[in-house]
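Everything below concerns the one structure shown next.
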Amino acid sequence: MPSAHRASSAAAPAGDGPPSAAGDGPPSGPVPIIDALPPGPRARLAARIVRREIEPGTTFMHEGDVTSSLAIIVRGRVALRLRVPERGPVTILTLEAGDIVGWSAIVAPYRATTSATALEPTELATLDAVDLRELLASDTEVAARFLPPVMESVAARVAATRDQLLDLFRGAGVDAW
Amino acid sequence: MGHGGDLRFQVENLTRVEGEGSLHLRVRDGIVEEARLEIFEAPRYFEALVVGRTPDEVIDIVARICGICPVAYQMSAVHAFEDLFAVQVHPQVRALRRLLYCAEWIESHALHIYLLHAPDFLGYPSAVELARDHRELVDDGLRLKKAGNDLLTALGGRPIHPVSVRVGGFSRMPAKAELAALRPSLAEALRLSIATVDIVTGLAAPAFEREPRLVSLRHPTEYPLNDGRIVSTDGVDLRPSDWDEAFHEVQVPWSNALQSRAGDGLPYLLGPSARVVLAGEQLHPLAQAALARTGALESIRRNPYRSIVARAVELVHVSAEALDIVDGYVKPDAPMVPWTARPGVAAWATEAPRGLLFHRYVVGDDGKVAAATIVPPTSQNQAAIEADLATFAPAVLDLPMGEATHRLEQLIRSYDPCISCATHFLDLSVEDAG
Amino acid sequence: MVVATQPHAAAVAGSRFLPRERFDDLVAVLAGGGRRVVGPTVADGAIVFADLTDGTALPAGWTLRTSPGRARLERLPEGPGSARTFQYAVSGEGIKRFTFPSRVDALAMETDADGTVRVRVEAPPPEPLAIVGARACDLAALAVHDGVLVGGPAVDPDYAARRRDLVIVAVECAVAGSTCFCATMGTGPEVTTGADLVLAELDDGFVARAPTPAGERVLAALDLAPALEEQSMRALAQVATTRAVMGTGAVPANSRSVLMANLDHPRWDAIAERCIACANCTLVCPTCFCTGLEVTSGFDGRASGATRAWDSCFTEGFAQVAGGSFRPRPRDRYRQWLTHKFATWWDQFGTSGCIGCGRCIAWCPVGIDVRAELNAIAGDVPPPAAAPLPRHDIVAQPAISTEALEFSRATVVSVTPETADTATLRLATDDARILAGQPGQFLMVGVPAFAIPPISISRFHPDGIELTIRAAGAATSFLTKLRKGASLGVRGPLGRGWPVDDAIGRDVVIVAGGIGLAPLRPVIDAVLRDRARFKDVRIYLGARTPRERLFVDEVDALAARDDVLVRTTVDRAGPEWLGRVGIVTQLFKTVQGTGADATAFICGPERMMAATADVLGDLGVPRDHIWVTLERHMECGVGLCGHCQLGSRFVCRDGPVFSVAELGADLRREGL
Amino acid sequence: MDVAMRDGAAAGVAAVGPAAQSGAAANHVTGRSSAVRRPRVGVVKFASCDGCQLTILDVEDHLLEIAERFEIVEFAEATSRRSSGPFDVLLVEGSISTPEQAVEIARLRAEAKLLVVIGACATAGGIQALRTAAEHEAFRTAVYPVPAFVDSLATARPVADVVHVDAELRGCPIAPEQLVELLVSLTTGRRPQLPDQAVCLECKRRGVPCVVVARGLPCLGPVTRTGCGAICPRFGRGCYGCFGPREQANTAGLSAAFVWQAANPLGEDAAGQPPAPDPARPAGPVDVGRLFAGFTGATAPFRAATDALGGRPLMPLRPTLASPPETLREGPPSWGPAGTASAVPGPGDGAPRPATTPAKSRRSHGPRR
């Protein structure tokens, strides 16, 4: 079953304006996940980070595209959407600060199955996919430290998906009364 | 006649009969060329379904041939097997089986007279409309019917497909008090039955007479239900197991039901009219008195529209006899006697509400049924109905189409045909062959 | 195991002898004053209790041979004892039919000409009754029923009425069936409690003793000679032989702990292959007390009755709620039955639910033997030293009270549609009990012709309450379609609500999924009324879609406050929804600060509550400060009908609000 | 087949009941609402014995009230009024046994808001559904000399195999109490109480001693849905499964017990007396298997039990008539010489010309449109 939560972060700067100062945080603050790593891996990853500001309503990645970068949300909120024939786009998950967008950048076939749209002014810390894959392949310390939080994020989404599939809040069946 | 030379009558899906059939007539220049009672009730192959079954299972299965007269099927079957196995049942078992049959007759006759046939005579589409103008009449009919159903329930657990009839007796016989509790409703039924005879005698019947060959059981001391010899107006006199010495089944292309004919290939008539004529001397005195009061015995014999009177007279009989049996009932120590199956041919005929019902089973060495023939009353009456239609149709061809159709439907309904039995009914079509 | 035997020599001292030919006189004395007398008779191949006018209908010369799946009448051998009338151990059904009939009228509901709904609790007028031929196990069972039906907080008025004027003539068993194990359970064969008159049958008559004044009056009226010592000794020897034949140790003495430690034992699956879930064991069990309401009405629906009928945990409908049955598999149902009888009954009522009569063994059509099953589950674990079993004593009979089951009238003041299938009814009531209700409590809501659903109170007002109802079935659909001015019957408030005080001085975390916000709304009201007494207040709401959110305006207003944090998420949404999408537990990580200082109130589907409790637990919220509310099938709401049991809990009475610490593993256990 | 009221049935009930649901809600406030259209009810049948529709006429105490509250527009057994639709409620009896019936039920489905199947034939195929395709031809050959005249499907099917069904009343025949309960639920908007429980519950509530335990008789009550009132055990025999399998029917468990009991007539108590011989008691596995091959024997749980034990009765693959019929191709008979007609007016002596056209197959319900 395709995960409903796979996301790709194809940095899609089309129409990107200048970095916005809107919102309640500084334009470039600490980066979740990365900041929690030991100094070595943290420095080697931080050096590769490219920060991006996304305006609300901007779809910065598209379902089916090759995932070109992995992003960590620094600020703002992002909707992951699927296009369902005859129903249009359906939001299946929203992500916030600390969430990862585009883990498929490091998992074959490196292709996104959802689109990602900013719902609020959003700041992303992005890592180029090819660059990151090479780093993980060559730097076992980065791999050992960085992959677990990525896995944790992915695992949480898989678990959440299962609960969504159960459709817990639906009024199922006919009750005894 | 007003319609010119050629007519085509068609009644699709006869109503107020049990089951599905239709009537088709083809008439040319006032002559009936074709009269067909088409039965398209889907066949259910009961004669094959009982193969490989034990006698008690057969009793349960054959009841499902007809929801109107399941007791009749149980009775013909149980007597056939007991005859072959030489089972001597307790006299109270014999009495209670008559009582069970009486109950079914009360229910079936009351249903037919009040809910199915009376609306015909009084010009209503159904008892529901009839009840709007004649509420008491319909209420009386429902009370009668309920008296029969309550008795069936007391003896067999439910009115339709009762469960207690077993080879050797009953699976359970009621306590005396259970039956005594039904006495008031049966006494009421008897009162209503006698009134019914007067009511139906007063109903106007179309003038139509013919001289039918009649067949029924006759017993020296009882009105025929479970026992007696098969007799006819032309001298047949047979054991109930020997039906097929005088009658035989035929298949016709327009019917899913087999028909039956007498040895000479001609039709014969079963049911209340036949029984009242052939076995009237065994009617309960109250029923004989009611019949005498009508003065209708001869018209019952000759006019099919008068069968409703015969049915009402029988209603008096079974109500009165039911009371007698209830009063004389003593619960036996055991409801059943032990028995052992033996191979051979088991055959018997009893009187269903609508006429003689013949069963014949071949029982194998394993005690199970290997082959079966079941000849329901409606399939035996089919040829008689068709003969009546052919005879009577020209008389109604002058009437407006709706009225003519109604008269012919009413004629068919006077046989109380049970079509799900026969294929196990009605569309009238009169085809203009011009 | 050791069970204290009762020599009851003292009782024997005052014994009289009732010659066999004078048994008719005993029946006549009992029947004096119009008392109905019932006793064993032979009917339909079994021993059945029926009305007695004298002794002739007793099963003279019969015995009943029982083994797993069999109970056959047999003729007693020719000899001096061949005329005995009680020479069998247990009849097919005990005396339960008379004290706790299979069907009784429970409620009468009607709509008056002016539209007012009236609900009346039916209780029979006390009918004087004498039961002849009860056995020690029957009396132990009666004591158990007393504990359940009149010994708890709610009194069953029907039972109380039937128990009120009951004379019991017991018989000490002269034989034991192979299925009997009362000696193991400490309930027999000697009659030690509950009987007014105790008979021991000898070949030529009965040694009779009268433990109660009522029994003494009967003996006095009969004017009997004292029993000879030899007769008394024979009677004692006879019951001692019965005890010896039965032996003890039929089931492990530690059945209770063994069962609760083996809820996932493979034996349950093995039993389920044989068990046909026919419910016979529960219905012949003299202590089973579960019932359901059957609503009947005429075509116009203006008046209806409700019949209380024996029900069984072996049926699927027994544990049915919207969305399915909590015990879908026969395995779950058998486990519920056996654990209830031998384990959780102790927690609920302080006794064993099994009294050792063995009826469930004999009358199981496929012959499942609870003794064998218990021993199999216990395996080779040696039982600990036996503890004495508590005695089953008849409790003092309380007054007949319908209080726990009385309805009051309420009137619909307004109806607010919330979602496509959910509406909030504001009801006016002057029922002080309801107005004083607590957040999380619920009402049983009745209108004629419909089943009576439990509905949580979603807001309290000085002059009434609100009920927020989702149209999940016919009754709830009907309720959501009521209009202003409509009348209905309400009973409550029921159950244990949310312990809002537990959160005083602490952070408050409220998590609601779907309709689960309704029972939590009074908590929010209470916290905001007294906002200063609580620290941070955080509310997390989940819904299936944006359109299925409840109380949207209120939630928006809450979100606008600066002293409350509100986060809403939905399971799925279209692009027009700019809020959060995802499951409710994902909301927590975006908020810092929830931890050991928090009290959490959670309401939603059980799976969601369990997942939420885990996340909160991981964040450091103590499990005894995490509260959830459970949904179970409920018919009575006061712990009498048995439907809502979860392990040893009655969800209706002990809950529906529980802490996660209280529930332990049961919150997640399947089929419990 | 396992639920008394299918998904959507509650909605269906609501759909027929402006007279019911909202009307009744209004009644609570305003008293009886008067100007509500009565639901149009049709009663139709396919292959069956008519017993279930007769049950409608058998609720004598309620019949006229039913006729007042519902407009019975099609019920061929009871009224000459005819309708081919539309229906608010359509009660359907009988199995689908011919190709024409399959077409007709599809047409009726489109005409009916709420389609309720009644009885074992409609809900489970009836006993006629025990036949398999292979046996069908043999059946026709066995019963009819010219099978070509008779058109029927290879197997008889429950209605739900062919079209969507909203609700069902089980039984052979249906229970009058359940019929009334269903109709009451339609007028009040409540859910009909048709519990999916074993017959055993009803036996015990009524104080009927278990015939398996007390008498060693086989009984399908434990695996059969209640609703009949435990008639058979009350009448001293085992249940034969009219109402079909209950939920979770453990037919394997029950038949295993019966097979064991047949082999061990003394049970686990070797000292007991052997039971008196009774033809109702199975002698071995085949007899046990045949117990399940009754009026609901084509349902999956029952058929599985039958097949597992080889208990399917031998469906005949040879002629099984004790007295085979002949074929007659002549036209309808006259009363002939023995019964000379004296009708007024009579047809004369001319006997009708032979008819040769084959029977038309089954008509639709209601008048032709």
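Here the chain labels run A, B, C and D in written order, and each chain numbers its own residues starting at 1.
Please note the rule applied: contacts are C-beta pairs under 8 Å (C-beta built on N, C-alpha and C of every residue); 3 or more make two chains touch, one makes a residue touch a chain.
Owing to the predicted nature of the structure, the values given are computational and were not obtained by experimental measurement.
Q: Looking at CA centres, what chain is most distant from chain B?
A: A
Q: I'd like the most central chain, judged by C-alpha centroids against the all-protein C-alpha centroid.
A: Going by the distance between chain centres and the overall C-alpha centre, it is D.
Q: If I rank C-D and B-D by number of C-beta contact pairs, which comes first?
A: By number of C-beta pairs in contact, B-D is the larger.
Q: Please tell me the distance, in whole Å, between the geometric centres of chain C and chain D computed from their C-alpha atoms.
A: Roughly 38 Å, centre to centre.
Q: Using the average of all C-alpha atoms in each chain as its centre, how far is it in Å between chain A and chain B?
A: Each chain reduced to its C-alpha mean, chain A and chain B end up 81 Å apart.
Q: Could you state the distance in Å from the CA-based centre of chain B to that of chain D?
A: 22
Q: Just curious, how far off is chain C from chain A if you go by their C-alpha centres, in Å?
A: 52
Q: Residue numbers in chain A touching 2 or more other chains?
A: 173-174 - these are the residues of chain A that touch more than one other chain.
Q: Would you mind listing the residues of chain B that make contact with two or more other chains?
A: Residues 172 of chain B touch two or more partner chains.
Q: Among the residues of chain C, which ones contact at least 2 other chains?
A: 44, 317, 450-451, 473-475
Q: Quick check: in the complex, which residue numbers of chain C touch chain D?
A: 43-46, 48, 65-74, 92-93, 97, 102-103, 111, 113, 115, 117, 178, 273-280, 283-284, 294-295, 297-302, 309-312, 314-317, 329-330, 362-367, 447, 449-451, 473-475, 477-478, 481-487
Q: In the complex of these two chains, what residues of chain C are touching chain A?
A: Chain C reaches chain A through residues 317, 320-324, 421, 450-453, 470-476, 513-515, 542-544, 548, 569, 571-575, 577-583, 585-586, 589-590, 604-605, 607-608, 611, 633.
Q: Name, in rising order, each residue of chain A that touches chain C in their complex.
A: Per the stated touch rule, the residues are 77, 79-81, 88-94, 96-98, 117, 119, 156, 160, 163-164, 166-177.
Q: Using the touch definition from the top, list the residues of chain D that touch chain C in their complex.
A: 10, 13-14, 21-22, 24-32, 65-66, 69, 183-185, 187-191, 193, 195-198, 200-201, 204-216, 219, 221-223, 236, 247-248, 250, 252-254, 256-257, 261, 267-269, 272-273, 275
Q: Which residues, counting only chain D, touch chain B once they are in their complex?
A: So the residues of chain D touching chain B come out as 45-55, 57-58, 60-61, 63-64, 67, 72, 75-82, 94, 97-98, 101, 126-128, 130-131, 135, 138-140, 142-146, 149-150, 152, 156, 172-173, 175, 228, 231-232, 234-237, 240, 242, 276-277, 279-280, 290, 294-295, 313-316, 319-323, 325-329, 331-348, 350-353, 355-363, 365-368.
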